[in-house]
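The two complexes that follow have subunit A in common; it is paired with subunit B in the first and with subunit C in the second.
Here is the complex of A and B:
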């Protein structure tokens, strides 16, 4: 590993010397460090009990640097409803520590059994909020009893208008301003 | 100048045992697409007003774009609500002195848990360039309100915790 200390690089541009000031050259680099993304596309039954992991988004979430970076978390989760007036759900991150985010940025609307609804979310977390280890598990978790739908990710067996298997997506944008 | 200058057109570095070249000219003016991610959170239960033209709550009073003249913006929010069974709602964001009613709004008519949020894009040269702008969640027409924004266990124990709303503003410029 060879190193050289230098403040400026000078390169040739069609016969003209152009100076690149390394102290400022990278100030406008992108702020998004990595976009992690996960998909779940299996019709999944539910339980009514409190503190149930309904499904697993991934067992391999590895933040680049959770101690210093921030995160924007967005999910779309289609569901076949269950007439639940209210719901308490969110994500559990399980790594070298366990972090729960119940009712963070949820968007849900009560629908009857047999009717389509959504268990989505959008929120952001600052540096130090998530576990720092590699290969974390992320669960979609219900925290309070009777917060579940009949089915997550319904398909044509729920209604023929769902002519394809519905799919849920979780995107986690890791960034540092 | 502590370290001086180096005249060179190409740098060569070791990448897992393979010499890899990079042109210095390609580093000049290098810039990412995302310039800044502005983030705001609201986590207090708010009693809504049914009167049109009302700012229901304030996301921030210190929104400062880096460069509103040249950059674009993606606004995305989550706003959980205890609904008021209003069939239709005219709502949106007031940013500085500009209104974005009905821009990318997401709402479902409910008397219980629902949401009143948005996802939309604003191009360059539209937003004010000033610093410390206020951003309000605003209803524009009568009876466009829920009962409460950001409900908690006083609305129903199943919520399990104080609900929280988030507004994310991604400031970007494509190459």
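Here is the complex of A and C:
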């Protein structure tokens, strides 16, 4: 549970009413610095070989201060399965350095071809884990062979129940405690 | 079910593509864009023709249909009713 230090509370009893200014107190609590969000929504199929970038989330990821802030990363990518019992995938951040996060917080369900599944992830990165430059490219990447589905972001070509194009989202919450 | 993705992966050199809709002819097949902008090609080396891909799609579809027919034949030999077979298939 977050706690506010008594020293951070500004207590003002000069008027009729007693007031508390919580600005300083909340500034010293953990807070989100910026929520970065990206979308990919094109039906895409990729090769079965290892070390393949499936698609590009963005070429403009600019963390505010990757050296000192931490990050919560969440992504969900709809897919038409391919009977892959196991799959090794993750994100590649390409900036002033290249950082790979393979099999970090993955959630996935093995489905036959023709059945819907999800390539998802949810994890935390501490300060200094990401490249620090601006305009980084983030790839959704397969690290091991035979980890791909039939299609990412399937649509009505796959099944009529997908009356709208499916969309993948990546949300990166940059924060500091 | 789309057999296009299965078919193209049976050919050497498929590197991935954006395929909003499955192609239906040579022109649409050639117009496919690379899956990821870190590489500017869909095929490493020579791409197959649309006729070759379409033939492979038909071959894969026929194989799946044959597999279902084989299952049905086996169930019929076991004396299952149509309703029972339909429930299993």
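Everything below uses one rule, namely that the second predicted complex is superposed on the first by the 147 of 177 C-alpha atoms of A that agree within 3 Å, B and C clash if a C-alpha of one lies under 4 Å from a C-alpha of the other, contacts with A are read in each partner's own complex, and residues count from 1 in each chain.
The rule is short, and it goes like this: contacts are C-beta pairs under 8 Å (C-beta built on N, C-alpha and C of every residue); 3 or more make two chains touch, one makes a residue touch a chain.
Model, not experiment: these values are computed from the prediction.
In the superposed model, A:110 makes contact with subunit B only, not with subunit C. With both structures placed on the common chain, the touch criterion links A:54 to subunit C but leaves subunit B unconnected.
Of the two partners subunit B and subunit C, it is B that touches the larger number of subunit A residues. Of the two partner chains, subunit C is the only one that A:45 touches; subunit B does not reach it. When the two structures are aligned on the shared chain, A:72 is found in touch with subunit B, with no touch to subunit C.
Look at A:124: by the touch rule set out above, it reaches subunit B but stays clear of subunit C.
In the superposed model, A:138 makes contact with neither subunit B nor subunit C.
Once the two complexes are laid over each other on the shared chain, residue contacts for A:84 go to subunit B alone; subunit C is not touched. With both structures placed on the common chain, the touch criterion links A:170 to neither subunit B nor subunit C. Of the two partner chains placed by superposition, only subunit C is touched by A:158; subunit B is not. Across the superposed pair, subunit B and subunit C touch subunit A at no common residue. Residues of subunit A that touch subunit B in their complex: 1, 4-13, 17-20, 25-26, 28-32, 70, 72, 74, 84-88, 102-110, 120-124, 143-147, 173, 175, 177. If you check the complex, the residues on subunit A that touch subunit C are 42-48, 52-56, 59, 80, 113-114, 137, 139, 150-151, 155, 157-158. On the side of subunit B, the complex with subunit A involves touching residues 1-9, 11, 14, 23-25, 27-28, 30-37, 39, 41, 76-80, 106, 108, 110, 112-115, 117, 155-166, 168.
Those residues of subunit C that touch subunit A in the shared complex are 1-2, 5-6, 8-9, 14-22, 35-39.
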